[in-house]
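By written order: A, B, C and D. Residues from 1 in each chain.
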Amino acid sequence: MKKFVNDPENFVDEMLDGIYRAHPEVTHAGDDLRCFVRSKQVPGKVGLVTGGGSGHLPLFLGYVGENMLDGAGVGGVFQSPSSEQILEVTRHVDQGAGVLYLYGNYTGDLMNFDMAGELADLEGIKTATVVGRDDVASSVPGEEHKRRGVAGIFFLYKAAGAAAARMMPLEEVARIAEKASARTRTIGVALSPCIVPEVGKPGFEIGENEMEIGMGIHGEPGISRDALAPADEVVDRMIERILAEQDYTQDKEVAVLVNGLGATPLEELYILYRRTAQRLEAAGAQIRHTFIGEFATSMEMAGASISVLQLDSELEPLIAAGGDTPFFKKLAN
Amino acid sequence: MQGFGTDEIAALFARLADVFAAEKEALIALDGKVGDSDLGLTMAKGFGAAHDAVAAMETPTPEAQLKTAGAALARAAPSTMGTLMATGLLRGSAAVSGAERLETAEMAAFWSAFRDGVAHRGRAQVGDKTVLDVLHPIAETMQAQAREGASLDAALDRARVAAEQALEDTKDLVAQHGKAAAFQEKTRGIQDAGSTVAVILIRTMAECAAD
Amino acid sequence: MKKFVNDPENFVDEMLDGIYRAHPEVTHAGDDLRCFVRSKQVPGKVGLVTGGGSGHLPLFLGYVGENMLDGAGVGGVFQSPSSEQILEVTRHVDQGAGVLYLYGNYTGDLMNFDMAGELADLEGIKTATVVGRDDVASSVPGEEHKRRGVAGIFFLYKAAGAAAARMMPLEEVARIAEKASARTRTIGVALSPCIVPEVGKPGFEIGENEMEIGMGIHGEPGISRDALAPADEVVDRMIERILAEQDYTQDKEVAVLVNGLGATPLEELYILYRRTAQRLEAAGAQIRHTFIGEFATSMEMAGASISVLQLDSELEPLIAAGGDTPFFKKLAN
Amino acid sequence: MQGFGTDEIAALFARLADVFAAEKEALIALDGKVGDSDLGLTMAKGFGAAHDAVAAMETPTPEAQLKTAGAALARAAPSTMGTLMATGLLRGSAAVSGAERLETAEMAAFWSAFRDGVAHRGRAQVGDKTVLDVLHPIAETMQAQAREGASLDAALDRARVAAEQALEDTKDLVAQHGKAAAFQEKTRGIQDAGSTVAVILIRTMAECAAD
């Protein structure tokens, strides 16, 4: 295992210690480093809370900041945070306007957020839940509710974050997040596995010349394993899955996210973006916003994902809005 | 045996901590087939924490021990199975409220509540190839044994047999939940990882009762 | 070679095509995609031009933008841009106030920037040159002029960029860049090699359990190859080299950059930062500005570098200033 | 032979393009020992471009051909060696300004200017284990041959011999410049990559002259 780690058991907490040292605009609620919150909450604003396993930086905690989220429950590597931690974060960020839970559609997270929500309810804190379920490879059309949440959840954060910053009420923020969720599609491709520090070796293998389209961000199996093709062909095979589920005759404008899974150089992401843009434009879409880089990783996995959010007049200005977190900065445009 | 009192429950969690530490690699490998390889880690960590918490209690009752164990598990291992096992223990604890010793009837109530908690929290159905497929026959067997007035060690042993059979039967099922669901048909022929944990639980309990 | 590429010969130009599609705030001077410039130049401002080989994104072109640089000559992977390309960029960004060349101390770049400067001079464009030479592993003290430029050049961009944006004259901007250069130290560690697309295989090997401290960003040999140690120990061995050359009794404030070389997860960079901060503070430094992430990469190389700029009252506000490029955004603070 | 006229120079660049294409992998491997493995790529690309540019000229003179080749090389391969070889060609071109055929005297002037250009641009000294260590004896030998009134093919062959010896001698030196400098003492025993390119140049030129 070629990693910069000390005791693998301390991986997450030492990482958090580093983050808190570097970024005074975030802190932890109470003693538990894993209850990650903004240092200053905005009075009266709906609180946005996410959470999930570690190993995906900047996901999840990296989106806690201005115009984005207010807190995150930080789990172990690829592990859900506990309901207790989520509850602690919930208490901290609630400013009387209620709290929206925004996280990826994984069993462990679902159960722990549900439990936290039930406990928060007993304490008089109103919560609502919207899950990211953008990974088209993880269930067939018609079974969208079973899909995993991957990089596209960034769009939910962006839209809901900007909506909450405009002081919209919980129901509205939840409706907007839900709309963004319903209109986001992602497809990924992996070229290499990743290593959970406490396990110390790759959880699966990909042959020297193979790629797996649709692989999940924890190494969940995808829809095809083939010989690695030229970049344009890889994009072509991926984007088909998205184009099949989005129709640009009415709402033409889209936001695109080309995300690196960890080890893939930024140069290659731009090569993938080039073809993605060509294909989307050929399909009648107009690219209004572009995000390229590492937004949701799987440790040192090589690979990438493409996410497309189909905009409408309500979502567009929310995606255009600025954002400022230690890991994500966008000027308003 | 005279049922599980506080000493026996403390001994049970000590033993579970050992067993899950010993089974760590095997569970990692099993979960790795159609999952994310974490089950060995989470169960070892979770039951280790449960044991530590129970061992540290000053004036325990069975109800409090099970609750403490569940809470510790939820904190230490908030994975799917960690959370489900924690939920089971918390619900099971409530079901034996006030009891000083858990005899067959109380143990049957414990397992029924355990199963119901898991079913509620996980929203899975029997047959979905989850831990529920083993918890359900355990609960049903225990209830039947209680109705028949069986001794605790006999009842637990029958439940263990039923659980082992049910585990074997999970091989024929196709996973509908969690990370395994992505593997669809490929999960056929593979024994469910979470169900294996449930068998370890009932087997260890039966062994404690037999000692 | 596990890369998202089409024809490796087109690697750089397809990457640039992707970048231009995604970011309208940058463009190319003339027909050559590799003459990278801001879409809008600032009249009367000193032009800042960098350049160097591709394969290091966001270095070099990623720092072209507001409050930073004005243009970059884009070379092939690990290759200098040509003097002709640098000259073209120079002509485009010159706004009458002259042009400062800011690049890394490598033979190929030195020669091509020198040639471009000589040609620009014939055309009446005043140029000055400051090179980044921050890699402490690449020459012993006393031979600092021979050192390679690596990630620490970011501090030169930041300081000179903010100075030029304040409409300082060429000599002043050059003086400030030179000061930042003289006060910046970097040390790197590599865990794995990288692959030049046109070569198709790694240029060197690092054993499964080895690390090389001091390796250059093109795989130049470092100062020691050892068994990979725990993260804190790796930092300890690296930071010694920097501490030996900086004295914090007078100027205590520093800016720190923990840079990922490509494949190393952000989580691990924060673990490295944690120890770096501990060690710097123990040495009497006060960390005033922190930058953590991928700032200068070597394709998919696993590894990291630590850079420390010792601030003074002139440099501090320039590092604190905001910056806005497609690849780097910082709000003023 | 009657010296290098425009046809011979065109043929020389055609041959250099072939030779560097053929030597690509060998030069990659050589540069890889204490460098970044790019030399084979840059020389193949650079001399390929030089050949294309020269072949496309309509009314060439030797001076113009050498200048065109140098400019094409600078554009196509702006690496250390690409830039140095381009500088050498450009300076060498200026040194034969007006000549219709390059005889021994002109060729000696060409190589002296070539060497001086490389020395100026690269700021290296003879003995620093760079291409200069081969260019210098080439230039000196050509100058001596010109003084002695040697024929061009004899002069070039003597220069080739001197170059090959000088290349062998680079093994004893320690690199002071470029990427190799980082390897310090480890460069001892290894033949300098750039110097190898200079030997290929003079050897190919000598072969053209002998044909």
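In this text, a residue touches a chain if its C-beta (ideal position, glycine included) is under 8 Å from a C-beta of that chain, and two chains touch if they have at least 3 such contacts.
Worth saying up front: this structure is predicted, and the values here are computed from it rather than measured.
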{"item": "Chain D and chain C - chains in contact with each", "value": "none"}
{"item": "Chain whose Cα centroid lies at the greatest distance from that of chain D", "value": "B"}
{"item": "Computed distance of Cα centres, chain D from chain A, in Å", "value": "55"}
{"item": "Distance from the mean Cα position of chain B to that of chain A, given in whole angstrom", "value": "33"}
{"item": "Approximate Å spacing (C-alpha centroids) for the pair chain B, chain D", "value": "78"}
{"item": "Chain D residues counted as touching two or more neighbouring chains", "value": "none"}
{"item": "Junction residues of chain C, two or more chains touched", "value": "none"}
{"item": "Arrangement of touching chains [line / ring / star / complete / other]", "value": "line"}
{"item": "Each pair of chains that touches, named by its two labels", "value": "A-B, A-C, C-D"}
{"item": "Of all residues in chain C, those that touch chain A in their complex", "value": "2-7, 11, 14-19, 21-23, 54-55, 57-58, 191-192, 208-209, 228, 230-232, 234, 262-274, 277, 290, 292, 294, 297, 299-300, 302, 304, 324, 327, 329-331"}
{"item": "Of chain C, residues touching chain D in the complex", "value": "75, 78-85, 106-108, 111-112, 114-115, 138, 146, 148, 196, 198-199, 203-204, 216, 218-221"}
{"item": "Chain A-touching residues of chain B, taken from the complex the two chains share", "value": "28, 32, 34, 36-38, 41-42, 74-75, 77-80, 82-84, 87, 121-122, 177-179, 181-183, 186"}
